[in-house]
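Here subunit A shows up in two complexes: once beside subunit B, once beside subunit C.
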Partner chain A sequence: MTAVSSWPEALARLKAEVPDAITGESARPGVLAVLAVPAPSIRRLATWLRDEGTFSHCSLVLGIDWIDHMEVVYHLWSDALKGYLELSVTLPAEDPHVDSLGGVWGGAIWHERETWDLLGIRFDGHPDPRRLLMPEGYKFHPLRKSFELREPEELEVKSRHV
Partner chain B sequence: MSEMWVNMGPQHPMTHGLWNLRVKIDGELIVDVDPEIGYLHRGIEKICEYRRYNEVVTLMDRSCYVAGLAWEQLYFIAAEQALGVEVPERAEYVRTMAQELQRLASHIMWYAAYVEDLGLMSPMLYGMRDRDLVLDLFQSFTGARMTYEYMRVGGVRNDLPVGFSDRARKVMDWIEKKLVEYENLCERSDIFRKRTVGVGILKAKDCLNTGVTGPMLRAAGVARDLRRDRPYSVYSEMDFVIPTHDGADAYGRYRVRMEEMRQSIRIVRQSLDWLDRHPGRVMAEKVPRFVGTPSPPPGREEYVLARDFPKGRGLAAMEEPHGEAVAYIVNEGNEHPYRAKLRSPVFVNISAAKHYMIGYRVSDIPVIMGSVDVCLGEADR
Partner chain C sequence: MTDTTASTHSAGTTVVTHLHKGDSPAPEVPTEQILAVSAKEFIPLWKENLQGLVNKGMDTLTQPLFNWAGRNSLFPLHLGLACCAIEFAAGFGARWDAERFGVVPRSSPRQCDLLIINGTVTWKFSHKLITLWEQMPEPKWAIAMGNCATGGGPFRTAYSVVPGVDKLFPIDVYIAGCPPRPEAMLDGILRLERLIRERHG
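And now, the complex of A and B:
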């Protein structure tokens, strides 16, 4: 198999080799494409994109709280195609969770930890599911829309290590 | 010998910022590391959701205190994309020049601090002296030396002052000469070479897997630079090369940064050439001063960009001095973003610490972490 050399070619091969992995495709300036991905197929799709689609670099993982649902957005960079690919996964508002991509790109591990910390989205199979920026034992996920800006408060910070 | 965990930080001369590197050591040997961040977390992404676009500029300055202009521009490129705002060409050249001056200041700061970490005192003094000249230039066109508040949605705050071009060229000539001295101080020093060559190796394959970018990636031989691969501003008009090194070690990162400074000087000169050929203070009039202000001050109506904000998303990616910085803005038709996300290159470079620290000695820790060039303000945001 030769590596893909353009995004339309990659998309055609993706549809043939990883069937049912994407449910929608749209365009936006600045990115190669925006793919809507059902949560169960994200790891399968990510592995294909890394190995066959030349997307060797996982740049960014972030979560968005839409109040009635959650969204996880991934940005992947390809050195061959010189562009970002955006993947979007929609999750329910109640107990949102999705497969971790920490095993596909090591660079996703801390982004996922941060997304869990700040938005409360769980990543199944994450190698290191601890809080990252907020202290261990903190009650809130502060980037959720239900968390209002507030005055500085005293925190009971438990030591992270014994 | 039994293994033990040692906390290097949050207060430690090696950290250059407030963070904690937990190191598991067996005698002198590092067997495991666990970087801990969050001490500087100010919730910038959350605050962005409550502030109008231009009001965030102060926070962006403070997200990285050695490269404030890079973060200002990053946020506003994303905002301009999400809102559909055009930037005048002259403002783009001013921005590009400011970015490269910022890279120069940041790299000289890195050089000064890093070489001092290794025990060589005089390069630090030379570095700080020359960085001050760049800060003087910043002061002359932004009014500040570190927290500039210079970029705006749709351009920059003000044009360059009279005589700026000549002063900037003099500083560039001076620094270009001094770079040779910097290199002589380091490369002719046995101490420097012995401590950096072959230390903190992170090969290209591991760089790609762990998402490491910037000088660390280029020191591993991968010539990825967003200024060339995904040009923003007017970098597509600029003539420069992407320096790489095949050492993948601390010495390679030092070499890459040294060459990057020379390329930055080249880009600054090219921007100044263009700005000299296209004089005029036309830019400031076209840049909206107020974004989304419902009732502008009397007589200032033309400066206001108040209209129906479209729903949209913007993705900006920039080669910041530390690596690939990304801003992602989701706008839901308001004068402030619904969600703003910043990707800090330092955040990711620190997260890969296990891959480039295990197997080295305790005395190598400052050498390795220094070569990463950490700035915790942007990692924690």
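And now, the complex of A and C:
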């Protein structure tokens, strides 16, 4: 099978070869497309995009707290198509979790650790599920909208083995 | 007629005493035994009275010398945490030249007696900073340089920043400013020198 050479061709093949992997498609300046992806099919879609869709580089994973729900956004770069593709996964506000893409793009590992650390979105099957920026043992996910300013005594992590 | 009994000395060491009865001549005690008894009696005497006196005397004689040597060669740890570290570095450059006060940054905490905390300390780094502080040999001093180290600075209410490094270990001199100029850092070091002289001189 030859590699895709344009985005419309990639999208057509994507719809044919990975059915039900995307639920919506919209445009935004600066990216090839924004695809809405249901959480269960993200790893299947990502593997296809890497192997067949020439998206070799995951440049960004971030989380957004919309208060009533959570969103995870992935930015993928393709050298062949010379453009970014944006994937967006909507998650419930209660116990948000999604499959980790650390096994698909190694570069996603740190981004997912950061998203877990600051927003509390779990990435199932993550190869290294530790916090990134806050010390191990920290009790909060401080970029959540529900996080309030606290006294330093509450924030301090007493254990020295971190 | 001689019998040897052992009695327990007040300090817990056993002293051998020789008792002789009647008009039999005083027994011959081997010289080695006399020496051994003397040493055994001398050790508690040394520990209880003389050692402290001698140490105190030595301290009185050498303390001013060590104090003078120590306060005039404060070696800070070469540690840069945030923007204040730029001023710290400038202070050791040609223009301000902190080395003329005997202040030489060292790369290992084992060789340092001064910790200048020049920047924002996060909770994540606080454990490492305490380890560095504990690795430094006594006597040691600490300077909090800049508003961040003094009280959290502009990040005082942040979720990740220690609001004042004196939450972690005692600080001798605080230098205000965001950032303090190298002159302020030099002034802080000179104040620390004065403090060492007054406190321990």
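As a convention for this text, the second predicted complex is superposed on the first by the 149 of 162 C-alpha atoms of A that agree within 3 Å, B and C clash if a C-alpha of one lies under 4 Å from a C-alpha of the other, contacts with A are read in each partner's own complex, and residues count from 1 in each chain.
Throughout what follows, a residue touches a chain if its C-beta (ideal position, glycine included) is under 8 Å from a C-beta of that chain, and two chains touch if they have at least 3 such contacts.
Note that the structure is predicted; figures quoted are calculated from it, not measured.
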{"item": "Partner chain in contact with A:Phe140 - subunit B first, subunit C second, else both or neither", "value": "second"}
{"item": "Which of subunit B and subunit C A:Ala3 touches, first, second, both or neither", "value": "neither"}
{"item": "Partner chain in contact with A:Ala12 - subunit B first, subunit C second, else both or neither", "value": "neither"}
{"item": "Dominant contact partner of subunit A by residue count, subunit C or subunit B", "value": "B"}
{"item": "Touching partner for A:Leu149 - first (subunit B), second (subunit C), both, neither", "value": "both"}
{"item": "Which superposed partner A:Cys58 touches (first subunit B, second subunit C, both, neither)", "value": "first"}
{"item": "Set intersection of subunit A contacts, subunit C complex versus subunit B complex", "value": "133-135, 142, 147, 149, 160"}
{"item": "Partner subunit B, residues of subunit A touching it in the complex", "value": "28-31, 56-60, 62, 64-65, 73, 75, 77, 79, 82-84, 86, 105-111, 118, 131-135, 142-143, 147, 149, 160-161"}
{"item": "Residues of subunit C touching subunit A in the complex", "value": "123-124, 126-127, 130-131, 157, 159-160, 162-163, 167"}
{"item": "Residues on subunit A engaged by subunit C in the complex (per definition of touch)", "value": "133-135, 138, 140, 142, 147, 149-150, 152, 155-157, 160, 162"}
{"item": "Residues of subunit B touching subunit A in the complex", "value": "5, 22, 36-38, 41, 43, 45-47, 50, 81, 208-213, 222, 224, 229-230, 313-317, 324, 326, 328, 330, 338-339, 341, 343, 347-348, 351-352, 355, 380"}
